[in-house]
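Below are the structure tokens for one structure; questions will follow.
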Amino acid sequence: MNAIPFESGRKLDCVSLGRLCIDLNANEIHRPMEETRTFTKYLGGSPANITVAMSRLGLKTGFIGRVSDDQFGRYIIQYLKDQSISTDNVVIDRTGSVTGLAFTEILSPTDCSILMYRDNAADLKLEPNDVCEQTIANSKALLISGTALAKSPSREAVFLALDYAKKHNVVVIFDIDYRPYTWASQDEIGIYCRLVAEKSHVIIGGREEFDLMETVTDPDQINDDHTARTWFSHVAQIVVVKHGGDGSITFTRDGGQWKGRTFPNEVVKTFGAGDAFAGAFIYGLMQGWPIERCQEYGAAGASIVVGSHSCSDAMPTVEQIETHMKKYE
Amino acid sequence: MNAIPFESGRKLDCVSLGRLCIDLNANEIHRPMEETRTFTKYLGGSPANITVAMSRLGLKTGFIGRVSDDQFGRYIIQYLKDQSISTDNVVIDRTGSVTGLAFTEILSPTDCSILMYRDNAADLKLEPNDVCEQTIANSKALLISGTALAKSPSREAVFLALDYAKKHNVVVIFDIDYRPYTWASQDEIGIYCRLVAEKSHVIIGGREEFDLMETVTDPDQINDDHTARTWFSHVAQIVVVKHGGDGSITFTRDGGQWKGRTFPNEVVKTFGAGDAFAGAFIYGLMQGWPIERCQEYGAAGASIVVGSHSCSDAMPTVEQIETHMKKYE
Amino acid sequence: MNAIPFESGRKLDCVSLGRLCIDLNANEIHRPMEETRTFTKYLGGSPANITVAMSRLGLKTGFIGRVSDDQFGRYIIQYLKDQSISTDNVVIDRTGSVTGLAFTEILSPTDCSILMYRDNAADLKLEPNDVCEQTIANSKALLISGTALAKSPSREAVFLALDYAKKHNVVVIFDIDYRPYTWASQDEIGIYCRLVAEKSHVIIGGREEFDLMETVTDPDQINDDHTARTWFSHVAQIVVVKHGGDGSITFTRDGGQWKGRTFPNEVVKTFGAGDAFAGAFIYGLMQGWPIERCQEYGAAGASIVVGSHSCSDAMPTVEQIETHMKKYE
Amino acid sequence: MNAIPFESGRKLDCVSLGRLCIDLNANEIHRPMEETRTFTKYLGGSPANITVAMSRLGLKTGFIGRVSDDQFGRYIIQYLKDQSISTDNVVIDRTGSVTGLAFTEILSPTDCSILMYRDNAADLKLEPNDVCEQTIANSKALLISGTALAKSPSREAVFLALDYAKKHNVVVIFDIDYRPYTWASQDEIGIYCRLVAEKSHVIIGGREEFDLMETVTDPDQINDDHTARTWFSHVAQIVVVKHGGDGSITFTRDGGQWKGRTFPNEVVKTFGAGDAFAGAFIYGLMQGWPIERCQEYGAAGASIVVGSHSCSDAMPTVEQIETHMKKYE
């Protein structure tokens, strides 16, 4: 058993707050994007991908966000609905914003890059007033994506959502999801991610992402044990530190520590692996599974997604994960 | 003969200043963009299209502009080079800008729309210091696109280019090319387009575009004759007023007036017709042709482009135009 | 005895962070500012005034802030030095900012208003990197002024200062000091002030200021008892709710509650009363006095300042306060 | 006779467009501003000063501008009215702007500096829509101050005012009035001042101010003769080049050239000399006086103002100028 006390009797298992974007994936892969002729459109954005992953696995999910008032915004809402994700708290932005874009370049299975369009992005226009207290009160868990902190007013919307979560005893899951754009300064990153991490029960991030938060006041303490101690001194129950290809380590407040495995697969691109992991890991937590099993499920999900052309669209079902796990038993 | 006294003995026939963008044209056409799955990439932007048109017809051309420091910027420079357009005065922007995007939606041959990405666009970062006096001095004509006036510092780059053009006796061609975005206010549009039109020898625009300039001080004078008189009172030699499907009327300073014809064709989309017209019309002017023939060439070029999937890539050669014209003699 | 456990053996009693401004007080008072001919210059800004008050009473104080690189910035630094306030952590801004100004209009003793100049103000340019960890580590208390939260990067400097204060066991005193300008939106005020109040040991504010923080999530709970309970559920030890002319109520974590008195005086203007109160109240806390005596000292200080033409310059010494209190015994 | 053909039968002799500010002059002079205790308030801003000068001399004047919606804005309107300057086209800004401030420091008669507050200044919020065509149509002359070009939307308001001036045959007087703040880039200064100078009949500026406009395209031609030739090739009739203490040279389109004298006086500060000169010089032009007499009147006005504590308030009447001139005959 894991230690997370999710409230029972709530309409939604998890509501996510943050980025809703479009991925435009190069169809002619394994070459520079200069030579790409055509692109295929998918829903994108880390919290969007995680939410699709959770929904595919059977969780009842919803989203708190803003989309642009155009064809891309309408596509996103329709896609979420098609995935059985509640869009009741997805607001249409009327300020002339656009949907964030990620053009992906797949030079080789291990050499991928992204050309981002994040100026005037609709998702960062989310305002505190957009956040519906009742939506949060109706959820067992609230997933916060760190990129939602990159700019006002989305940043303030996060803090208000956290206030509502506390008031209604909602478990807060923080995916640090650091991206080196949009933020006005390096200082802001650590400072705001810390303020959220202090209020989070589950924190998921890469080693470098934890460093961004912790080196502000403790520049000499860069290690996983210190990370775990730091956040357990606040309200955290579970801390997951991802080490890329080396797998992840999960710490629990009661002193537990688990190193996760990885599954082999024919890699098309590395994008989306972290989101698939997070979606399946959270799914496991909500089933009350032991950490080992949550991690294994996450790793299997990641393995499936790196073998596909898309992120969101490739998120596996329970059946697909089970099949994949059996293959590598 | 037309009255434009182009200087002889210059390296370039025409150098263009303004937008260098990417068109992402829906491959699944005649449906809403929400349902489009894939997009094909082309060079885009009105002055870019006109310059490709002129180059395909055999003029020696160049471009003054800024492109983003990424895969799209590099693609644009390569495409221009492949079209024999000089990129000596195309500057790579280092401020983190992006290439402007136009996602085209082709609902039906007559119902097309564009989803624009113009925030932080590289082309509007063109600075006065970028403009190379020698490039302009080496050109017979300078083509100014009105969208370059939408924002500083590109706006100031235009005015400096006009100063250089005057100093070196370069013919100024002004394509008003009004787009209802980027401009900070409605007031600015008329005011800045007027300042450029006052210094231009050839002015090309739609009826509504001339209205934007002229109703500021003469709100009651919306007609082509008044338009011609207005600009001939400055330095203009030729004024072309486009009336959409009704063809265009060309006025010359000496009192001449010609109504242009249109060619039938199977229309895929309406985008790019105006650019094809302008490119072929200017080509005619530079051959010293009578206005009638310039207009006919322009109309034939437009007819070819509306029958194709792209704008830039569909610009015809002399041979293609001649063949097209014979077909409808 | 009050419950605040100040560390001993520190160089400074209190270091303040926030606004350093200039007051320009009308010399021809009791008339509209339109008719004022001359103004007299003083140091201004709530935390600046409080720090002068503390220093006059004998506390060892310092300031963390930014001043403009001009005559006003240099005047401020010199004035602080003259008041024995350490300026070691006062940084000169090199970005072209200006000193904030407050032109005071004294229509009558009870009808005063301020004409503020806060655009591009140097104090709000304070960056996290400016905050010297050692300065905070050397202090018993850190005074945060809420206006420092109004804008980035000063806002982030506050959060970093709070991290350092926690690391080094420094008592945090939060003067909400809400001003209805500079803030980008109403939402931000409550959200950021809450984040600071959650980390503060002593919180001082007016009833309306507490409302700004508390009505975000508890719109129906506007009363002093709820206020006290709210902040005692975090780390607060003392909460002072000011009710203007009706005096203030001080709550302590152990359940204590004291209503403060006010002293009569011939009122010239109402500005500065709150700052004088805060300065003398904190002085009392640092002497380990009972709350009653702290409040009485604060009230006497306020009474003296409302009878003077300036705020900072009128802050009383211990002797002046004692004399004033005897007069009204 | 000078060559300027002012229309007769107009309500106003001259309407000015640009800055309306407040000067706060140090009362304790001949010391650094750090040591100044009190300041005296005056109307300020170059075009405001010139307009007061013209009005004191008996011209019928008006102003086109924006003032802040506060005590300073109301003071400015009242002061203009008291000087018989029409405020019919002075608009109250409702966007939260402030009145520009100039704190003057008078270290010695020859060493003066200004501490400017120009952020969010009301005068630069002047919009094209504010400019009343009828006001301009009712005026013989329109005075444009170059600082009004420093920023949008005031910049566009200038160009619209110039369009109206041309339509109604109003003489345009351009005081370059360059100030090294507010402008976004060095490039913009020359480019926009050129566009105005090309449309102006009388141009007044210092040698360095003309350089700013002319070195853009002619970097090697820095001399007064070239300056005169440059602007006479457009519509200019009179060009005045000021050489500080060495007096000014006035050129006329017909080839005339006059070197102006200066009057001695006990100098308090140098501020305002140029404005006093311009006001009296324009007064002379409107009387149809020979250039020599215009210059002499201008020099006498300047001499009087440098001997006073203020700029606007010290502008002389005809009687004062005549008396001053007699003193130095």
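For reference, chains read A, B, C and D in written order, and residue numbers begin at 1 within each chain.
Rule of thumb we're sticking to: a residue touches a chain if its C-beta (ideal position, glycine included) is under 8 Å from a C-beta of that chain, and two chains touch if they have at least 3 such contacts.
From a predicted model like this one, the values you see are computed outputs, not experimental measurements.
Student: Which contact partners do chain B and chain D have in common?
Tutor: Where chain B and chain D might share a partner, there is none at all.
Student: Indicate the lowest number of steps between chain A and chain C, counting one step per move to a touching chain.
Tutor: Tracing touching chains, the least step count from chain A to chain C comes to 1.
Student: So the centre of each chain is just the mean of its C-alpha atoms; given that, what is the distance between chain A and chain B in Å?
Tutor: 44
Student: Centre to centre, by mean C-alpha position, how many angstrom separate chain A and chain D?
Tutor: Computed from C-alpha means, the inter-chain centre distance equals 60 Å.
Student: Using the touch definition from the top, which residues of chain D touch two or more other chains?
Tutor: In chain D, no residue touches two or more other chains.
Student: Looking at which chains touch, is this a line, ring, star, complete or other?
Tutor: ring
Student: Touching pairs of chains, all of them, please.
Tutor: Taking the chains two at a time, the touching pairs are A-B, A-C, B-D, C-D.
Student: Going by the contact rule at the top, pick out the chain A residues touching chain C in the complex.
Tutor: Residues 127-129, 133, 152-153, 156, 159-160, 163-164, 167, 184-185, 187-188, 191-192, 194-195, 216-217.
Student: Contact residues on chain C for chain D in the complex?
Tutor: 24, 27, 32-34, 36-41, 70-72, 74-75, 78, 98, 101, 103, 105, 115, 117, 119-120
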